[in-house]
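Quick heads-up: structures coming right below.
After this come two complexes, each holding chain A, first together with chain B and then together with chain C.
For the complex of A and B:
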């Protein structure tokens, strides 16, 4: 029995590495090869390691487009996350604490946000009318709108575990509603806030479709769009394309290394309660 | 104590307003725009013409069919593989926490990056998969080049990328099943297989609901992976509604593109809402 377990374990490990690690090894190795060697698409080691050369070539490509893209993506991610975290917590707080006949309606709207695919062209039309089309702040607002439902649900279920006595004590002491929320409740929401921030920042940083529609133009390029732009430009230079993939993968990798547990918690939250 | 004073509705306003303007308004107005010929400035009402065009063009119908196939295949595969992997990775195997981490990592990686990498990995002649298969004496298929296979090849990559999340949701679900059930079954002489089908599968149901719903919603809306790998090709063989919407938008057919959006919306609602209802209605009988 014990021995059988060890054998299954070894087989699972070998298969797991083969299926899930080799694609990343392939990306890493191709990224440091010469263009000629990379075009063979093999897993063999490069005859010459060209990490630095390829790295610089990708950074410099199209007038330092990747650096601009990193800047834009960071602005969008940080801006959207800051807005999302606080305002989603406020919504989650009110709908959890204040049962009313409106709640069913509000929940329906929240679930709609999780399910309905955004109507793209009408959104573009609206963004144009509001002079938000092709702007970073417009993109930030879009990300807030699209990420709101998920964040509110996470906050709501967490707030349900905070005793009402806390807010009531503060209210009796004469605190105003916004003071109760910002001074008493918000500090207690730290764990769930971290989770929301991590999950949403990975989602927003990796978002490709929405910037493709709402943020066209080379000044507005985001990290994911550089991949798409370079895909045609680097079609004969697989090594540079893959170096780009590698560079784009680094931020989520760093997050993953440091915050694996919180990310997993956020992404599987609510799964068990059904 | 009056809850209306303590928990004011204006707390909803800041992002509620953003949600209303940038999500709900476009969704509602889309129904009108889908009935028009539209250049973003002027609309001309043409009734259901966009819809009738949608259901007459063979490649647009292909897109709708492919959307359902892609959503169904990926969500079924993710829930079955996810459950099996979850059971395997909670059985106290050697290196199981390492394997959990390894399988989950692709979830966080850029979909476009994964798509580009797998386009090369699936190269018919030199790609890693077919080279690997040739060592085993198998002549690998043409994956993305074969019109009959392209959609399924993309679905395979989608499952590869997303199965880690399904596995983790199932692992969380398995943790809620009391070991008493297994203990009792063992005393009654149940086999492992019986325990899996009679205890694990029914009791892990909330996790199944989550996995199936989540992967269906994302699968039916899937765009970036397909766009990075095939752009709907060869021909229109791997087009889905989301890529049709983008192509019509690029071509300047805004009314038609919006009609596609409405069709996708109705499709998602028609599949997901009854399914959730059915999932929640059925009782667990043990």
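For the complex of A and C:
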């Protein structure tokens, strides 16, 4: 490598670290400061590390609201993801493998789901009519609906890379259509399923606006909404607000750190060998 | 075991006629090969027999039962695909036993039958591997094992050897022939390779553009081709075919003579020509001769027949080896 290249590389790295790591450091440092120190909003180190105190204060705030929010968010995420992955895989399989005259129409719907922004007021009206407004399962259905288009497209293109001969070999072996899907195709979808599960669960877990619209009420609070609730209360207690941010950011971050490789693999994986 | 009868099978895709009335009897225990150029409908016909596709019209009987509208599993057939189509997530053992486990056979029966099939195909050492850890030839054997284990009445093969290299292919040809003798099952085998057809078949069905050109034993097709297409398709190098005067002298449209049925001489003969091109195959030499009255004539001679490009040569057809065909 030339000297110049080395210098450019180092500069780029330093810039990258500043851009990506500074916000995290800022969150981390502010979260352990005292209220007075935190109000300056600086990057200076705290004079006293108050991790435990701030942590407990946030947890206990508003009658353990954060724990309830964790529970709600987990229920929504797990419920929505299970439904989403299974139905997206099945829909993707059917539209890839059984072309029919409906396909154009179905594609139009999928693209519409990707492109047309959801209308909040009619959706709320519909949820109310179905008695699903302000309920967790209503929220789950909303998340499934919003994530379905993208997931179906991912599954569909992955299934297109699985040779049709496999389906036919299974049919010759006596598999019923549902057995072809569950015994032959589904096991081969592992890489893309992991990708869909990770990407969508982070999106759903971190969702702020949709729970804000469709899931009002103290008992229905989700993790991102705790920030919203706390923000007014903690305007003089930046340290607690940032501790809350820290706690909310951690689960998705852990997911990304651990499953980084799988996500990329699922995105790029194509043909099944063998 | 079972015979296969096809009655007036038609197939069209989106209005395009692919099969135009196929009638065919495959006898019990026969090794029947479908040959024909690419796109003539061999795979389509095989898929119709297997039940993966439906015929547009016509009837299919297997073992004297009408199976025209039956599901593949109810036809008593097994199929080996060109791409092998092994299940990538299952071990060799589970690949072979997949059909039996779907049929809910007891575990020990599955094990026993898988082991028997594996033994027959020398796959015992590979039973716990995944398909991706096998060579092409081994994968092919697993695919065959998957067919054998179900004890089908009819085996269907769609170009099973075309992904293998030449040496392995000739080895597998032999193994398949032995397998056929051992199982004594009816086998229908699709290929576009006429050497495979000649070496393995009891009966060859030559297909062309969606219809049957001729049915017969390999030697019948070689010695008595009924149409110019069959004459040109069976045999390598291809038969010399000429329209015009030579044919008309005998009241036919087309005159044919195989390269191996021409006698070459430097002194005298029926046709005189100039050598344009020579292919040395070792045991044989293939000579391309430019003959004024005919065009290019291809002849096969002994490997040590001394010839050089550009020299004059005489070719004479052997008595009784000439073919006179009508269009």
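Methods note: the second predicted complex is superposed on the first by the 261 of 274 C-alpha atoms of A that agree within 3 Å, B and C clash if a C-alpha of one lies under 4 Å from a C-alpha of the other, contacts with A are read in each partner's own complex, and residues count from 1 in each chain.
We take it that a contact is a pair of C-beta atoms (placed from the backbone, for glycine too) under 8 Å apart; a residue touches a chain by one contact, two chains touch by 3 or more.
What you are looking at is a predicted structure, and each value in this text was computed from that prediction instead of being measured.
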Once chain A of both complexes is superposed, is A:181 in touch with chain B (first), chain C (second), both, or neither? first
Mind working out whether A:169 is in touch with chain B, chain C, both or neither, as first, second, both or neither? second
Where does A:42 make contact in the superposed view: on chain B (first), on chain C (second), on both, or on neither? first
With the two complexes superposed on chain A, say which partner A:157 touches: chain B (first), chain C (second), both, or neither. neither
Residue contacts with chain A in the superposition, chain B compared against chain C: B
Which of the two partners, first being chain B and second being chain C, lies in contact with A:34: first, second, both, or neither? neither
According to the stated criteria, A:119 is in contact with first (chain B), second (chain C), both, or neither; which is it? first
For chain A, which residues belong to both interfaces, chain B and chain C? 168, 171, 272-274
Chain C partner, complex, touching residues on chain A are 163, 165-166, 168-175, 179, 183-184, 187-188, 272-274
Along chain C, where are the residues that touch chain A in the complex? 50, 52, 72-73, 77-79, 81, 83, 85-89, 98-99, 102-103, 130-132, 139, 146, 150
Show which residues of chain B lie in contact with chain A when the two form their complex. 1, 3-9, 11-12, 14-16, 18-19, 21-27, 29-30, 33, 38, 40, 88, 91-96, 98-99, 101-114, 116-118, 120-121, 123, 126-128, 131, 160, 165, 168-169, 171-173, 175-176, 205-207, 209-211, 217, 220-221, 223-224, 227-228, 242, 245-246, 249, 254, 257-258, 261-262, 264-265, 268-269, 272, 280
Touching residues (chain side chain A, partner chain B) in the complex: 5-6, 8-10, 12-13, 16-17, 19-24, 26-27, 30, 40-43, 83-84, 87-88, 90-91, 93-95, 97-99, 106, 109, 112-128, 130, 141-142, 144-146, 148, 167-168, 171, 177, 180-181, 202, 206, 208-209, 212-213, 223-224, 227-228, 231, 238, 241-242, 245, 248-249, 252-253, 255-256, 260, 263-264, 267-268, 270-274
